[in-house]
C-alpha cells in the first residue's frame, strides 16, 4: 500500500484549526498540539477540525484514535485518491480535488478529504491555504444559514465552495478559447499551437477530476445516508446539478478546442499552399524563358540563322512576352493569382 | 454561489405582466409594480405571471415571498443553469434555454424558467421579447384548448413553442449545410472554411442545450408529477418525442458537417496536387533542355566539334524536341496531363 | 405546431382505398369520397383503409372523427416524425419511414403511419405508390396466412415488407462499396471521391432512420400491447431482429466506407510523393550540371585555363557524367527509382 | 421475406447424416433420403441430425414437419441471419457463424443453425465440410464426457469448437500485425498498406460476427432455458467468457491496426520530407551559383570590369565556394544534413 | 479446447511451496513432490499453496483431485484467460494478470490464478518469481493483520500487491510521457516517434488487462460471496476503487499520448513548411535574375542595343538589385523571413 503517496513536502508545517459553533456561540482554536484541540471539542456544538499538511503522522494517529477512523480510510486520506464517497458506520467519508489557479499558470490540484460525523466535520488538506477564508468569516459573523444548521450543512457549504471554484477555472479556459479563436487566423506561430495544446491538456486533467467528482456527490445524494438530513439533501442535489453542468461545459470546451486545432491546421495548410503556388508561378513563367535565352546564348558557328537576322532580338522578346502573358492568363483563369 | 451569473444588463427595464383567465374571462395587467399585479391574482382562474429581466431584486424577492419559493430555486432562476426539472412541495420548477436567431447572425440563447403551481404559472426571462406573442393572442381570443385547460397545459404550450423554435434553428443549419455542399467544390476560399467552422460551433452549443433539455422534459413525463394531470402527460410526452427527434437531426447535421470538412480538405489537397504537378511538368521538361543549351553556350576553344559542325544547331533542336516529346508522352502515360 | 411540415405537394391527388376481408370474403373499394368507404366498413371483417396523400384535410378530419383519433396523433401523421410507436386507449399508433431507391438515384424517404384497432388498420402515406402491391394480390388470392389472421398480422406483414426493403437498399450500398474498392487504386479522380462521400451521406441518413425504427418495433415487442395477440408477438420479434441485423450491417458499411476514404487519401498521397520525387530527381541531377556548363560559358578573358586547354571540353563531359551517375546511384540506393 | 437469401449453390449436393448414441451404443447413418434417417431416430438415445446444404426444400420441409419446426425459424435457418438464440415451446434455436480460414486467403463465413430438443439436436450448415470431424470420432470412441451427457452437452461441445476456431483466426491476425509491424519502417510499399487495410477489413467483419455471437450465447446462459440442464450451464458460461475474451482481443487488434496505419503514414511523411529537403538543399546551393556564372556569361561590351580583370575568374570561384560553404554550414546548423 | 495455451516453457522447473499459519504458528514447506506438501496441510491453520510453472500435469492433477477442482476451472488456470472471478460450490476462483516491468523493457504479463477455499488458498503462476517475497516475510514475522485473519484476507493482500504494481507501471508511463513532451519540440527524430508508438501500444495492452480486472474485482465485491467475510468486503472494495482509479489514469495517459502525437506531427509539418519556404524564397529571388543575365548572354549580332550601350552592365545590376530587394520586401511583408 506504500505506493502512490501524495508528493512529500517535508518542510511544510502542519496547521491545525478547530472551529466550534452553535446558534449562540462560536470559538476558534489554532494549535500545533492536537491534544489541546481535542480537549476543546464540545458535544452540543458543531466541531470543525481542519488540518493542513498530511506528513506528520503522530497528529493523524491521534485524530484517528480519537474518532476511531478506519485504517483504510486514513490511507485514502494520505494517498492520492480518486474523488469518492464512502459511508462507514460512524461517519461519512468524502474525498475530492480542490483546484487552484494562479493567473497564467497551470492548474494546481490539491486533495481534500472530509469526515462527517454526527456533530463534527474533519477536513484534511495537503497544504496550507484554501478557499474557505471568506466562509470562515461568515460563520463567525453568523451570516447565512450555517450557524442554524448541523454539520452536514457545513459539509455542503465547503463542497459547494470547491465546486464553485471549478466554474472559475473552466470559465477561464472558455475565455482563453475565445481569445485564441480571434487571433488564430492571423497568428499561426508555434506559440498559438502550444497554447491550444496546453488547454487540451488542462481539459484532460479536469476531465479526470470532474467525472469522479460527479459520481462521488451523486452517491451522497442517492444513498440517503443517515449523516445527511433529509431537508439538506436538496442542497447536495444542487451541487450535483452543478457538477453535471460543469461536465457539459467541459465537453463543450473539448469540442471547441479540437475545432481550434482544425482551424490552426487549416490555416497552416492554406499558407503552405500559398507558398507552393508562388514557387510554381515563378518557376513556370521563368524556367521556359530561361531556356529560350539559353538557346540564343549557344555558340554554334554555322546554320544559326536567328542570330544573324536583323530583328532576331526584338522577336525573341516578343515571343517571350507572349509566353509569359499566356502563362499569367492561365494562372488568372485558375484563380491562382 | 456568486459565480456564474447570467450576463448583466444594468440598463434594461424589467417588464412585468399578468394574464389571468378561465373559460369565461380573460384579463391582462402590465405594471412595473409587482404589488399591483399580485393583488390581481384570482383564485378561481389560471394566473400567468411573466417577468422579463432578472436584475431588479426587490421584485423577485416579493414574488419569492408571495409564492414561498425556495432560495435554491431562485438562485437557479437568476444564474446560468443547465436545463432541468425539479419538483418542490408546492410547485414544479422547469428551466430551459430559449433560442433566437436573427437571420445570418449567431444563435442567441436566453434562459427561461417556469414555476408551475396548482393554479399559477410564473415565467422568468432574462430579457425583453419572447416567442409567445401569437400565443398570447390565441389565449385572449379563446382559440384552441388553452382556456379550457389548467395551468399545466399552459406550461406545455409554452415549452412546445420554445421547442418548435429549435426546429427552425436546426432547419436553418440544415439549409446552410446544403448550400455549402453545393458551392464547396468550386469555392475553397477561407470563407467556406469559416462557414463550416461556424456551423460546427453552433452545433456544439446546440448539443449543450439539447441533451439536458431532453432530460428535463423526460423527467416531466416519467416522474408522474402531481402538478401535471394525467390527461395532459401525453402532451408533454409529445414534446419529449420532439426533443429526441431534434437530437437525431443534430447528430445527423454533425456528421454532415464533418463530411463537409472532409470534402473541403480533399478539394484543397486536389488543388495543391495540381499545382505541384504543373511545377513538376514544367521543371522536368525545361531543366534538362536548359542544361543542353548551356552546354553549347560554353566557350571551350579546342576539341569542341559540335560547335564547328555544319548541322550542329538543327541537330540540337531535334534532340531537344525528342526529349521534350518523350517527357510529354511519359506524363500522358501517367495521366498527369 | 405548424413547423416541420412534410413537403407540400399541392397538385397531387389523394387516393383512398379500402380492403375488407375475412377467411371467406374479400372486397376492395377505391374512391375519392371518404364517406363511401366508411359505409363499406364491415364489423366482422378486417378493414384496411389506405390513404395516399396527406394534404386534403377534410378527408383526414372525417377519418379522425369516425375513428376518434387523438389530435396529437393526427399531427404526428401529418408532420415529419421520428419513427415511433404509441399506444392509445382504442388503437395502436406506429409511424415509420418507407424507403425507395430508383436505380442510381438518391434514396427517397416517405413517411408512413399506421393506426391499428381491434378490427381495422389505417395506413397513411405521403404520396402515391408503395411497396404493397404484390402483397395486396396475395390477400386477394388468399395466399399465405393473412386471411386467416387478425389485423395485427396485417400490420406485421406491412412492416415486414417495409423493413425488407431496407435490406435491398443496404445491399445496394454494399455492392457500391465493393465496386469502389476495386477501382479506387487505379482511379483517384474526383468522381471516386464524390461517390464515397455520397455513400457516406446515405449511410448517415439511413442511420437516422434505422435506430428509431428499431426502437419503435422493439417497443411493439416489449410492451405486450393488447392490440397484438400473443401468438403474433413472435412475428414482430422477428422483424425486430431484422432491424438489429440491419443496424449491424449499417455500422459495418460505415466502417468500410471510412476505410475507403483512407485508401483514397493514401493513393492520392502516394501519387503526390511520386510527383515530388520525380521533380527532385530531375532537379538534383540537372541543376548542378547546368551550373557547371554555366561556369564555362563565362567570358573571363584572363586566367581561365580550362577554356584554353586541349581536352577541357571532353573532361567537363566526363565530370558531368560522373556526377549524374553518382546521383543516379544514390537514388537507386534510396530506392527512389 | 424473399430478400437476403444465403448465396445459392445450385449444384452442391445435400449431405444428411444421423448420429444416435447413448452410453452403450453408437450408430451413424448417412443418406440422401431424409425418411430413411427419420426412421432410425431412437427415443432413448441422443439423436444428432446434421444437414449440409440448404437448397433442397423437400428435405427441409420433411424435417420441419417431423419436428414441428416454426415457419419463422425455418426462414431464419435458410436466410442470412444475425447470430441469435430463441426459445420455442418444444426446442431451443441457436444460429451462429462458423469461420474458416484457408492460409493466406480471406476468412470464409458459414451460417450454422442448431435446434435443440429434449433428446435431439439438428444442425443446419450452408455447405459441406465443417470443424466437427475430430469430435465425431471422439463420440464414436466414447472419449470425454459426451456419451454420458444429454443433447445440451452435445450442443455445448459443437459451439465450443466453433468459438475455439475464432481464436485461431484472431491469433492469425495477431501474428500478421506483428509481422507487419516489424517490416513497416523499412518497407512502405503499397503492398504493406494493402495488407493493413485487409486486416482492418477482416476485423470489421469479425466485429460484425462476434458481438451478436456474445449476445446469443449470453442469452443461453442467462435465460435459464429448460433445454439446458443446470449442471451444464457452467459449460455455456465458459464459452460465454471466451466470446468476451475474443472481443477484448478484437478491440486490441483494432487499436493495434490503427497504430500500424499511423506508423505507415508517418514513415511515408518522413520520406517525403527527406525528398523535399534534398530538393531544397540542392536548389538552394546551386541556383544562386548558376546566377553568378550567368552574370559573367553576359556579353556587355563596355564597363564590365570583372571580365577584363586579371584574377576575375579565380575570385569568382572563391566567392562561389564561400557561398556554397556557408549554405552547407547553415543546413548543418539546421540539422538538415 | 486445446487452443490458446499459455506459451510453453518446457525446461522451466516447477516450484511448489506451502505456507501454513495461524495466530500462533507458522510453517513453510518447499518441495517438488506435491504429496509431501499435501500431507502437511493443517485443518486449523490457513494453508497457502503456491505453484510456479504450469507445465507439469501430474502435479496439477493431484492438486485437482485433492481439492476437487472443476475441470473447466483447471483449464482456465492452464490457458490464457480474461481476468475473471467465478464462484464454485466449494471455492472461489479468481484469475488475473500480474505485471512485471524491468526498467526500459516492455511490460511482461504473467497469468496468476487463485482458488480460495474455507481455510486454504491456492495460487498458480506461470513462471518463477513474483511480487510477494516481502509479504511472505511479513507473514513469517507476524507483521500487520494477516496472521489474525482468515484466508480471504490473504487473498486480498495478494491481489492488493498485484494491483499496486499496476500503479508503478502506469506511473512509469506517466513519467515517460512527461519526458517525451519536454524533448518533442526540439527532437523530431524517428526515435521520438517510436517511443510514442511504444507507449501507445503498452497502453493498449494495459487497457486489455485493466478493464476485465476491474470487472473481476467488482464481482468479488458485489456478489457477497460466502467465501469473503463481511468485515473484509471493505478491503476488496478498496482494491476495486484502486482499479477504477487506474482506469482513469490509463484513459488520461491515452489522451496525453494522442496529444503527443499531435505535437509530433505538428512539429514535423512546421519543419516541412520551413524547408519549402526556404526553397521558394531562394527560387523566387534567383530564377528571374538568372533569366535576366541569360538575356544578356545571348549572341544576337544586330539590334541588341543594351549590349553596346555604355552603362548597360551597371544598369542591369541595378535592375537586378531592385527586383531582389522588392522580392525580399514582399517576403518580409508576408512574414516568411
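Chains here go by letter, A, B, C, D and E, matching the order in which they are written, and residues are numbered from 1 within each.
Here, a residue touches a chain if its C-beta (ideal position, glycine included) is under 8 Å from a C-beta of that chain, and two chains touch if they have at least 3 such contacts.
These numbers were taken from a predicted model, which means no experiment stands behind them.
Enquirer: Between 0 and 180 degrees and rounded to the nearest 5, what angle rotates chain C's CA atoms onto those of chain E?
Expert: Value: 145 degrees, nearest 5.
Enquirer: Approximately how many whole Å separate the CA-defined centres of chain D and chain E?
Expert: Measuring from centre to centre gives 26 Å for this pair.
Enquirer: Touching two or more other chains, which residues of chain E qualify?
Expert: 272, 276, 279, 283, 287, 290, 294, 297-299
Enquirer: Testing understanding: with touching defined as stated, what is the shape of the graph linking the protein chains, line, ring, star, complete or other?
Expert: Graph shape, chains as nodes and touching pairs as edges: a ring.
Enquirer: Considering touches as defined, can you lay out the ring of chains in sequence, from chain A by way of chain E?
Expert: Cyclic order starting at chain A, direction chain E: A, E, D, C, B.
Enquirer: Note which residues of chain E are touching chain A in the complex, please.
Expert: Interface residues on chain E, with respect to chain A: 160, 164, 167-168, 171, 185, 234-235, 238, 241, 244-245, 248-249, 251-252, 255-256, 259, 262-263, 266, 269-270, 272-273, 276-277, 279-280, 283-284, 287-288, 290-291, 294-295, 297-304, 336.
Enquirer: Quick one: which bits of chain C touch chain B in the complex? Just the residue numbers, please.
Expert: Chain C residues touching chain B: 1, 3-4, 70, 72, 76, 81-82, 84, 190, 193, 197, 200-201, 204-205, 207-208, 211-212, 261, 265, 268, 271-272, 275-276, 278-279, 282-283, 286-287, 289-290, 293-294, 296-299, 306-314, 316.
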